[in-house]
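Below you'll find the structures, each written out as structure tokens.
Look at the two complexes coming up: chain A is in both, with chain B in one and chain C in the other.
What follows is the complex of A and B.
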């Protein structure tokens, strides 16, 4: 369809570019932050530094992806963090009970995916089929999931078996495991973007009534969006378990709103119908880079939250301003 | 055997009967026109067929077999496709995706090549008339209104349904686009497909239709062969026996006598949805806006009041120039606006009656603080004039019926008298006795010298209460009906004329 695109009038190349790749402003901000990181701590832009960044923030990236599919349809999921916690404690307990062998790890991961999927479906049914408000309903399920996590593991600290976290933190053929994970992730996202579901979610987010009148099964589509979200939240839990090497029933709670912030930073509309998964990944990286920058600059610990919050606000504003300027 | 038979279909929304007895028989290979005035139930009948509204009663037969249409998906499965008047497009998706949205090719994954191919087939149909920037990859949001309407047409065509409904498909299209669309419809007809076509342009109906079914007040009143009838006969069928109840039933027109100075003058007024509108309202006159729904009547009223932007024109209030900027300015200059959409424009939901009557008083008198008891004294005469029934000023407005709520909203404007009262379909969803009270009040206000502009989607209200009627069509004033010309027949004829 290049011919068709070329033959249409060009209302400014930049506008067209941003329309096609709405995450470009976010990418720009991420690159600036990366540069600043390098300025204050040259080692942070080295191979090892980048590996560490990806290793630490892969969980948030996964969670931002999870949130994106729900936001596509104009919904929101405030229970993603709780799902991460629940999956985290379930797999750690299961690996421990089964003796920490290679088989136990695979079985536990399978179980983790099932738990994530189940949580997602519960959310979907509550929001789409029972028609409760997404914000409040998923807030309620988040408390419920956290309760389950606390039942499975009342106190944080059970260690994950070494087989698991050594793999996550290790290298194969001199390349860190997380990069394999990232490549696999890229393939999965590429494939998912081509599914019927992705287009349907966006159509529902654009105008649910119009989608219904077009004959789309709106309720089913929204539930599938939440199910996909649950699966990616489970993947996020795997990453965080690999990174922290232990179980903690409250580990994901504080990540929920970061995932929403990452989606918005990436240029997606919270009202639905418009967004990209790549943008959310960049958004998650921006949050990670801000955190490390705050550390590298040497902010006193009592000021770190304040600076971090301000930096995220500035990044949000910059993204909106750049996008608006380009679109006008 | 007929392709489609609908018998005795009815649908009520709460207490309002939208469709009383809808009958429709459509043959294979015909374009069947459905016509009726505002709120006659033709759109409801189509929505029942398309599955977006569930009927209360009645039966539907396709190819002689009874079918139940439980939703849009079921309608599609029964071979029914529809073009929605209010469009059902996803703004951020591409043209190709929208065309194929109801039934995307491929399994779990979208078959992009097949999708482009299929979309291209329908895009090609309109190649010569779709205009610049129209491409499979174009994002729908960036298209012009007529191009978006073409996408919706293509989407309906892409269902390849044996029965396809087009609910006012041509409202935004230009002449060449309409001609091309009609050629395509004739091809479909030749293939044996059935088309149900709703339009309010008489010339189009006679250009494309084979038969016409007329719906009046929720009832099918007749079906004619287009070849055997003429526009006048169709309008008479729409009007029915109610023709001559019209002229000035409630009050003699006082037009000529009171034309002693215009309180509102509008010239060359243009904005979104209307163009070059000009009229005068005299002191004591009730000027009616008529015509089909959404032909610019509301848009003009809202623009005068400053609630919608306008792009050009000259306005004057009692001779001195007035530029509509925002409602606050309009209120200060003596304009009042009452809308039929009470929940959006009128009622302050959940608050006491007193608070609902006083906001304009606060604004006009620049009140900052006020004692409720003193306010109550000011408010009572206005409410009494309207025969408003209420238990106490402190009760929430939601405890009142729709008619009484609207009276409260009108009373809001009467504490400090405006010079011009703009009524935007004010009786929507109001019971009969409240309507009678309302119109008696409006006539009294006019007699006391207020200038009133009344838009009503109920033709009887207009014919009974307006001294003059301006008939809108396509955002412009098409005809002015005065004196004995104010008949239902003339009103419909002007409303259905080619725009």
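What follows is the complex of A and C.
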């Protein structure tokens, strides 16, 4: 809307680099944080330390990726946390009912993906087809999804079968399972970034009217963005179930706003049309690294939340300022 | 100011004029819900019950007043930190009063000052650093939640002064509690401010076209900062009233006001894009939300069913309000 779109790319290596890879400032922040983590707790940058970080924050990474695809199109999804809760209780109940065998795990995960997809499509229809405002409409659907989750499991506590969390927390050929998951994730988002959908979502987010006039099915594309978001929210639920090894109908609620923060930290514009999934992953890691650093420097426990909150606020502001300066 | 003529000249669209009047829609829905509630459980729409609903609605409505102003100011204006301010104000107010009437005035002043300072930071971030309001206030919410943990560990949660509790819950004038009079006064004040004062016209001006407002000499930044400060101050007043209502503050009491305050604004006919709408509708929107929630607690269904019905009803109600325009080639 402002002059940003009119400005011509100026010469200057660094600027062009950031324009090409908008997540570079975030990556720099993440590396500094990682260094500080290592300084205060050398073991945190060891193989085991990094494994623990990835294992704990893979769910938030997944959720940040989920949020990115709707933000691409200039939308937002405040129901991702509720979708995580719903998928979490659905798969835990289903695995338990089917006896916790290997087959039951696979069947439950398939069901979980379907539930996530369905929630995403509902959001897409509500926001894109019915043209309700995304912030309030996805808040309303989040209440609905939370109700469903409470219906499936009224109180938290049902344990997930050992087959499931042992696999998630286990190792194969001396390499932790989460690293296989991370490699698979990298391949999936690499492929997704090269699909037409990613480009179309960005085109819609950049200028929906122009996208429509050039013949793009804007409504369908936005629904697909929400559907993709629902699928990744289901993956986030798998990770959190592997990490907590139990079902909780309210487990994801607190994650929604962190997923938005991760996307912004990663250099994506909430107004749409500009961003990267890699940035959101780095953004989620920044949140994780801030949390662990605050712990490692020995902040008194009652001050930890405040220091974390301040650090995230500063990182958000710094990310936006650096990103804008680079693009201006 | 020339800007007033611009805002008033908004072209009427050929849609049903009925649906163009959100205040009317909200009032009719409130009446319908009250009748439904009375049918489901006799006594739901009794005078005493309605008074109780209005008190709860006033708490939400006062938070929504600040939210409404920020949203009216446009540029994706939104304040996600209001819930944190409500919680913070409840605990600061509770400690400053500590059960004594003499502490009411310092508590009110202290809370409003705290809310306004938080709003000042939000406003400075949004205007000087040009951080999107959603991001700035989201970050601020995180800071406030952390601050609450620190405060809670250091000092007791505090108690409301009897005078304040009386003001919120007991009849004050003409049988109505003081908080309802306060809410009506805020409604009148905002109606006057938005409709008759230069400041009000500036809000609509920056909300509908910031560039044009700037060209016309409106101090855009100062106006927007003032909106965020007002939002913090209103949330702080609501926090004070909340502790008067509940007696003492408990963990994160304010969280329940964050998104509902936005929905009350939307149900009142102010679109999130800003620049048009007003507070009178928002007041009706707040009552509507509270009546709806109250019906669901009256009916005997599980928490899960209640949430599902509430979410679905919110979606259906939203269909009545400011849907986006369809794409046209």
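The rule we apply is simple: the second predicted complex is superposed on the first by the 312 of 328 C-alpha atoms of A that agree within 3 Å, B and C clash if a C-alpha of one lies under 4 Å from a C-alpha of the other, contacts with A are read in each partner's own complex, and residues count from 1 in each chain.
Methods note: a contact is a pair of C-beta atoms (placed from the backbone, for glycine too) under 8 Å apart; a residue touches a chain by one contact, two chains touch by 3 or more.
These figures come from a predicted structure and were not determined experimentally.
When the shared chain is aligned, chain C comes close enough to touch A:312, but chain B does not.
By the touch criterion defined above, A:155 reaches neither chain B nor chain C.
Once the two complexes are overlaid on the shared chain, A:213 sits against chain B and chain C alike. Residue contacts after overlaying the shared chain place A:146 against chain C, while chain B stays out of touching range.
When the two complexes are superposed, the chain touching more residues of chain A, out of chain B and chain C, is C.
Using the contact criterion defined above for the overlaid structures, shared-chain residue A:257 touches chain C, although it does not reach chain B.
By the touch criterion stated above, A:131 is placed in contact with chain C alone, chain B being left untouched.
Residues 209, 212-213 of chain A touch chain B in one complex and chain C in the other. Residues of chain A that touch chain C in their complex: 78, 126, 130-133, 135-137, 139-151, 154, 208-209, 212-213, 218-219, 257, 260-261, 264, 270-271, 302-310, 312-313, 316-317, 320-321, 324.
Within the complex formed with chain A, the chain B residues making contact are 50, 52, 72-73, 75-76, 82, 84, 87-93, 97, 101-104, 106-110, 112, 116, 132-133, 135-139, 155. Those residues of chain C lying in contact with chain A across their complex are 76, 78, 80, 125, 129-132, 134-136, 138-147, 149-150, 152-154, 259, 262-263, 266, 271-272, 302-312, 314-315, 318-319, 322-329. Touching chain B in their complex are the following residues of chain A: 1, 4-5, 7-9, 19, 191, 194-197, 199-200, 202-203, 206-207, 209-217, 273-274.
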